[in-house]
Amino acid sequence: MPVVVQTIPRAAPDTIDRLARAGAATVHEAQGRTGCLAARLRPIFSGARVAGSAVTISAPPGDNWMLHVAIEQVQPGDIMVLSPTSPCDMGYFGDLLATSAMARGCRGLVIDAGVRDVRELASMGFPVWSKAISVQGTVKETLGSVNVPIVCAGQHVSAGDVIVADDDGVVVVPCTTADAVRDRAETRMTSEEARRKRLAAGELGLDIYDMRPRLAAKGLTYE
Amino acid sequence: MPVVVQTIPRAAPDTIDRLARAGAATVHEAQGRTGCLAARLRPIFSGARVAGSAVTISAPPGDNWMLHVAIEQVQPGDIMVLSPTSPCDMGYFGDLLATSAMARGCRGLVIDAGVRDVRELASMGFPVWSKAISVQGTVKETLGSVNVPIVCAGQHVSAGDVIVADDDGVVVVPCTTADAVRDRAETRMTSEEARRKRLAAGELGLDIYDMRPRLAAKGLTYE
Amino acid sequence: MPVVVQTIPRAAPDTIDRLARAGAATVHEAQGRTGCLAARLRPIFSGARVAGSAVTISAPPGDNWMLHVAIEQVQPGDIMVLSPTSPCDMGYFGDLLATSAMARGCRGLVIDAGVRDVRELASMGFPVWSKAISVQGTVKETLGSVNVPIVCAGQHVSAGDVIVADDDGVVVVPCTTADAVRDRAETRMTSEEARRKRLAAGELGLDIYDMRPRLAAKGLTYE
Amino acid sequence: MPVVVQTIPRAAPDTIDRLARAGAATVHEAQGRTGCLAARLRPIFSGARVAGSAVTISAPPGDNWMLHVAIEQVQPGDIMVLSPTSPCDMGYFGDLLATSAMARGCRGLVIDAGVRDVRELASMGFPVWSKAISVQGTVKETLGSVNVPIVCAGQHVSAGDVIVADDDGVVVVPCTTADAVRDRAETRMTSEEARRKRLAAGELGLDIYDMRPRLAAKGLTYE
Amino acid sequence: MPVVVQTIPRAAPDTIDRLARAGAATVHEAQGRTGCLAARLRPIFSGARVAGSAVTISAPPGDNWMLHVAIEQVQPGDIMVLSPTSPCDMGYFGDLLATSAMARGCRGLVIDAGVRDVRELASMGFPVWSKAISVQGTVKETLGSVNVPIVCAGQHVSAGDVIVADDDGVVVVPCTTADAVRDRAETRMTSEEARRKRLAAGELGLDIYDMRPRLAAKGLTYE
Amino acid sequence: MPVVVQTIPRAAPDTIDRLARAGAATVHEAQGRTGCLAARLRPIFSGARVAGSAVTISAPPGDNWMLHVAIEQVQPGDIMVLSPTSPCDMGYFGDLLATSAMARGCRGLVIDAGVRDVRELASMGFPVWSKAISVQGTVKETLGSVNVPIVCAGQHVSAGDVIVADDDGVVVVPCTTADAVRDRAETRMTSEEARRKRLAAGELGLDIYDMRPRLAAKGLTYE
């Protein structure tokens, strides 16, 4: 039943941008250490930190036809998230598709498979988090679906969920809880800033977090 | 029967340089999506794009003796391609061997094993595509062969085949078909350039490639 | 029996700094091709070359409590070396812990697990060699030990051993043999420099190392 | 928010047993080639073919506390399905837990982590599909959840979904579609039986499925 | 250029059967420690030891169409050898295809991808060496080739080469050298039998092979 | 400095045999969840459960010469433990070496590399725990050491340490603590037996171990 869902929810643009500023690690903590995609997804160049609404793609292994279909569904600020239906390292995406995606306002691609033309993608400033970089091209023979719920790199992703990605990896935030997570992330950033200053001044986490009594209670001994 | 074959065919220098300009992904497409080495081979630094005639090396695991033998066979414009006879991550190659290889005009190394001194190799601008980076050194005890046909990272490579390598990976083009592949690659680059402009202007691949009827025929539905 | 050993031996600061200048590959050769940690440990940014005395940490999988304990034991010039008691890719360490470690004079972290905040760690110039980069956070529930002998990435490391790390990987030098290894490493650097000049001038390793007779004796033939 | 959901839907026992008889591969085909868990899950002994209602477990890495909690929720005919919140190979489950699970009527365990006591589990006839076999024990320090939706080995599993597992692997069937999938699987078994006879008699798939015209149309040539 | 080559060379049936009796490890030694396919290929059940002429199959990832085409080319005594053009773990082959292959006299399958119905394949006694066992089915959309030279699991295999496979793995012997390898294998078996008796009687390899002087010359010391 | 240490400590034969009866998982628990070798070591056939004194072997990758040297050092009841100095999957050991080892009273082999002739080893009843099964043979060119301390599969092993191995994996017990671990293991077996009966009768671990209050205190809720 290959299908393209054309209407999806999206979080508020301001929420999405503020989640991007918080970054993947902070957002992950802010939603109770949940939602991080498998560490095999790595950025093809370093330094990008983006967030966007997920346009999800379920694609057959070695077949990138659905990327063309998905790009039509992209709105400015979206991030495409592709999961193959069986593990695959082939290069689904390159500079032509990136040109098209950027023309639609797409902010990046998260793909549990391979990409290519990475030098060109880096020059274009189109960020990709992928499992592999591979020259190997794909075919356009078998359908998949767009904007259906998928599992990507071990996490459930629904269309419209907020994707936050940077050099640390990729985190998914359900659309419905994005505002709450944003608030907790910003609170966390503030309190981290205060702790950073104390740590930089030489105070120990052992004292700041009052860990010594609990360590002793658990049985830690010093020699 | 360890042997060094001293005479090998080579493609025309102009063909080789034009294949380099096309890059690995385009060349791979131009020869019918064949010839790409396994994605486990990665560049030790980004940005290099080279092509050259393969000087092949079949070496025992953990033994780099044949690299010294191979360097004598290198002519300006060649690329060394080493495959261990059993999987191995050890560091076969470092800055001294690179100094020697560069002095012979070698353009790079493709190795389904490990290398080291990667900071120095990067400063020297000697590109390497390897399976691993490893401090672990090798011995010089057991013979191998030079310029015999090998399988490297899943592809058959004969001495004199053209190797095209960049940030996307490594592709091998048989010496005998190099001119034809070069022509198809350049035709492809021209047509891609035209499509890139249309895609950048916001046209969709769905329309440029007239995909909609075939998608519908296969049963894709829109909700 | 979780324990923190508070007094550890350390090599002379001058020895440590000279081992850093030699680099991991040379030090590895200088101690008879021993002591290199598994190649799965990779630097989170390139270009760092450091050496320091090991503060060892044995930690449960997914639990970074002992890092807080270990930082108190760090003296200027030390490197923390963490091995989980079972394989784990989670992100044990980020920018707050790095801020604290730098305030103590820590020169880096070697960890057979994951880290995060890698963009921030790179800006701070705090080098890390890790098995993974992962957003996934850890808990603080179960004790481990500090400055006990550990196995990290396949090598035995005792507290106070000298760790040498750069883009090639990580090598451990026992504290007791550090001076001897330093001397052999420096001798090796001198002799390599001489050979580098000859190789750059076009001489072959086959001749410099007089390999031809031994190759022939082993049965290598030229066609 | 660690939680134990105590009431879950279950498919009809007759449907579950008939899905077991169909086996994982047939059921997978019958639901449109969807629902198979990653091939890294392997049976600890061969020959078992079971189906049951999923009691799902989300557990921290290296912590098997929630298995004790889950066993209380097991009803006869259920299968426990455990996914760690971060990749882990440790041995979460052994003969004591299996004794308890069997006493509750549990039909097996699917776990994207490790188990131990496999010789005893085989003697007891308690089937397990796991990612690893590992001596390494776990702790009981951190909570998880029972009967919440999880992603296990790349597939979404809700409590009460039907798990079908045999030597080929593990497939999940949503509770709501179990009857329809059962029917399609049985239809498929019947038609396969007919084809098996023709194939055994020497007829070719090329003819039975009338593939020759389509092969020719795609361009296959015979030499 | 998808093609089916219909005429292939084959070694003499007697040679093939005697290579089977020698087994993979002995044949591998007898041809100078060459020709063994990567160790990731494992038998789906233990105890089989077969040899046959290779019917080679180059197939797209996730597409098993060419298996139907290949079965028509099988003659009694052949073994099918399939390599996907890009790494793939999906289940290309099951009991229906095995029924068809056995009806043609096929002795087994070597596949650098996945298979399924392994319980049924074991009951039928149809041996398979595969990289994976996977429920995941494949499509029939894209052509490949039959009886062209392929690289399978790191080794070059031409149609008609002799495949020898058992619990140790898979070895390929070029058709043209099969008789010579057979003779060397049988000589080796005879001499091994003699050595086995001496070793069973308690003599040491150190003495039988006169290793002590060479060990001492290399510098081995006893404490 | 290749060396063979000829005199090693050994635990009492009765202690060793009683540790074998306890099995790897129980012994691992009895020494505080320490000492288990990496789960990549798997038995080549199932059902063996042995213990013995370690004769350690440090060998170069792809070179099995030191196995011949080690066999001379084996006393009845010993187990050989081999670690390559760099990761390697090649087949170091087969039926001839096993014949020799059995003639010396060797009880098994633990090897973080590959073995072959596994069908013959199974017939002979010689148990092996290995990382790989591989046809690929090795050379005899480079020395290693026997009975020096090694790291094998992530654990430190000294000559004379007790190795306990079964279908769950491999555990090392320091020679000096073997008696104490034996006692704790036997105590554990007794208490497990009592708990097994209660669990088989339907009592829950939640009640037997009085977990409910602590679960509630940590915040577990029931819906």
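Which chain is which? They are A, B, C, D, E and F, in the order written, and residues in each are numbered from 1.
Note that a residue touches a chain if its C-beta (ideal position, glycine included) is under 8 Å from a C-beta of that chain, and two chains touch if they have at least 3 such contacts.
Just so we're clear, the structure is a prediction, and the values are computed from it rather than from any experiment.
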Chain labels contacting chain B and also chain D: A, C, E, F
Topological distance between chain C and chain E, in contact steps: 2
Shortest walk length in steps over touching chains, chain D through to chain F: 1
Cα superposition of chain B on its sequence copy chain C - rotation in ° rounded to nearest 5: 120
Between chain E and chain A, distance of the C-alpha-averaged centres to the nearest whole Å: 43
Centroid spacing, where centroids are CA-atom means, of chain C and chain F in whole angstrom: 29
Whole-Å gap separating chain A and chain C, where each centre is the average of the chain's CA atoms: 31
Shared-contact residues (touching 2 or more other chains) in chain C: 1, 33, 85, 87, 89, 134, 136, 142
Pairs of chains found to touch, sorted by chain label: A-B, A-C, A-D, A-E, B-C, B-E, B-F, C-D, C-F, D-E, D-F, E-F
Residues on chain A engaged by chain D in the complex (per definition of touch): 1, 32-34, 38, 85, 87, 149, 151, 154-156
Interface residues, chain D side, partner chain F - complex: 1-7, 65, 68-69, 71-72, 89, 91, 94-97, 99-100, 102-104, 114, 116-119, 122, 132-137, 140, 142-143
Of chain F, residues touching chain D in the complex: 24-25, 28-29, 33, 36, 39, 42, 46-47, 49, 166-171, 192, 195-196, 199-206, 209, 211, 215, 218-223
Complex contacts: residues of chain A adjacent to chain E: 60-62, 85-90, 134, 136, 139, 141-142
